[in-house]
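Next up: some structures, all given as structure tokens.
What follows is subunit A paired twice: with subunit B in the first complex and subunit C in the second.
Coming up: the complex of A and B.
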């Protein structure tokens, strides 16, 4: 052997999180995986919930809806991987009729919902005590905006 | 039934879920965007679906000082935006990846019942497609590719619960990992990544082994992804020399995989030879 590298992390030292795409530009791999290195436990849970939605059958809502689209799930994963908050709470991840997906965080009376439609368009809603206080479109590339939405929950 | 003439390790239920056989060559200077479409027309019956992907960076295995490296970011006056085209078959199990300096042939497992078709069946598929691509380049009046690297990758997925239930049990899977620490302070690792590399004989290349925890998209399962990649320079660009090199890379991957993993896991995967 002429090269060796080990790396580990323990539950008491959550690693710094880096955005990771499902397929590295340096890898010819085709099979889709999300590498867990440097991800926080809440992110791992969220990614797992998102992938589980791909197995939903058509008509899961009894209104003829398809399961969340690959595009929506991929966008959801990118959003989760882009959030550099350790020790955060994992969102509720729910399918949306028409092939979308919604991520929901709530802390106390504050709630943030991020909805991704089947084509990957994203909208958010902030509410306090179930009353909407702000909503609008969101770009997945705007990581500072996404971060501020989530830190509002704990502000 | 295992082949009685086979000397390489063989498993009845290997954890391999993807293989990649391919070549890297000097960038084809005359190859431009229309050529992707012209080539697709040749293979479209078998590979009717396509996707555009960002290009793979060039990788050169070097020896001595400098070791192996990704060739760094370079600025050049490109004729067109660099891209990589994926051409996919209907079953979603076969893929041709093409860019100006790379040609790769992937097989992957899609359904649980899909059986790894074995290297001896995948290699002729690669050879046929590469030969067809070279024929296309001749027909299109383009230059002959000067291959500078061959590469072969095996992607293995080892499920949580298949021989290991936590990273404290990783020694049950990875032969070289004891998991022991010299004191008693650290708890069981939450996660472990392992990366090793080995010289192939006579400067023919390297074997890279990378074990990374991951979640699989298809079924949301937590897995250890164990990738073995052999890369190196073939003797020449002739098909025979490319296949000779791939045989060497394959041998190192199969023997390397067997050395890297434990006998207990070999039993689970049904080692026959």
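Coming up: the complex of A and C.
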């Protein structure tokens, strides 16, 4: 999983990984550890859903798609961990044909979708009353923009 | 990939069938009705596979995938959203067609996918 590991340990020697990348650990394939105690319940739920998608078989969509790529899942996890909103809503997590994944939030009449493709490219869509109002590319490094998208849901 | 050309021999009243994984269906909080995620009409390959309903049956469309659900949407509706439909018969599925969006190389835009899942009907 590109160095991202989770631990239920109560040790605080390795804090939340994101946004810092590349922390060292005794295991060479690890670049960081995320302690579940540092995460909000909605984040834990979202991350769990993302990891579950890795178990999808080929042709899960009946049209020959591979399961979501590790790149897409890892990007999704990092996105979730980068959102510093407590008591937020856990997104629906849906696979996308071709190895991608989509996170969907709904609050009242507003919706935000963030889609990550198999190579980690990201697009978003905002909708009001089921009508799309804005879509475009998104950088996962642009945490203020991602936060702005999500807080729009509750504005 | 060349831009797809809409097949005008497919009438607006034709219906397109598309299989949906049941785990990707949820209750829309606004309508209280079940609907597929818009992700079910997106693909990295830009290709959304459908079957032409006038040439097949729901039973045939689900024959190899009985655990999936099936939605339909008429061609006139997808064209009104800027989409194109192209016949693409396969050896094991002569009723197969491709649904394209108005993005680069026929990519379905996220807005088009979201509109489609609002308008499609369960079969």
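Everything that follows uses one rule, which is that the second predicted complex is superposed on the first by the 121 of 155 C-alpha atoms of A that agree within 3 Å, B and C clash if a C-alpha of one lies under 4 Å from a C-alpha of the other, contacts with A are read in each partner's own complex, and residues count from 1 in each chain.
We adopt the following convention: a residue touches a chain if its C-beta (ideal position, glycine included) is under 8 Å from a C-beta of that chain, and two chains touch if they have at least 3 such contacts.
Because the structure is a prediction, the values reported are computed rather than measured.
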item	value
Which of subunit B and subunit C A:55 touches, first, second, both or neither	first
Which of subunit B and subunit C A:34 touches, first, second, both or neither	first
Touching partner for A:113 - first (subunit B), second (subunit C), both, neither	second
Interface residues of subunit A shared between complexes with subunit B and subunit C	none
In the complex with subunit C, residue positions of subunit A that touch it	60-63, 65, 92, 94-100, 102, 104, 106, 108-109, 113, 115, 117-118, 123-125, 127, 129-130, 132, 135
Partner subunit A, residues of subunit B touching it in the complex	17-18, 20, 22, 53-57, 59, 67, 70, 86, 95, 97, 102, 104, 106, 108-109, 151, 153, 155, 157, 167, 186-199, 212-220, 222-223, 225, 227
Partner subunit B, residues of subunit A touching it in the complex	1-12, 22-23, 25-37, 44, 47-49, 51-52, 54-55
Subunit C to subunit A touching residues, read off their complex	19, 21, 24, 26, 28-31, 37-40, 42-45, 49, 64-65, 68, 109-111, 114-115, 118
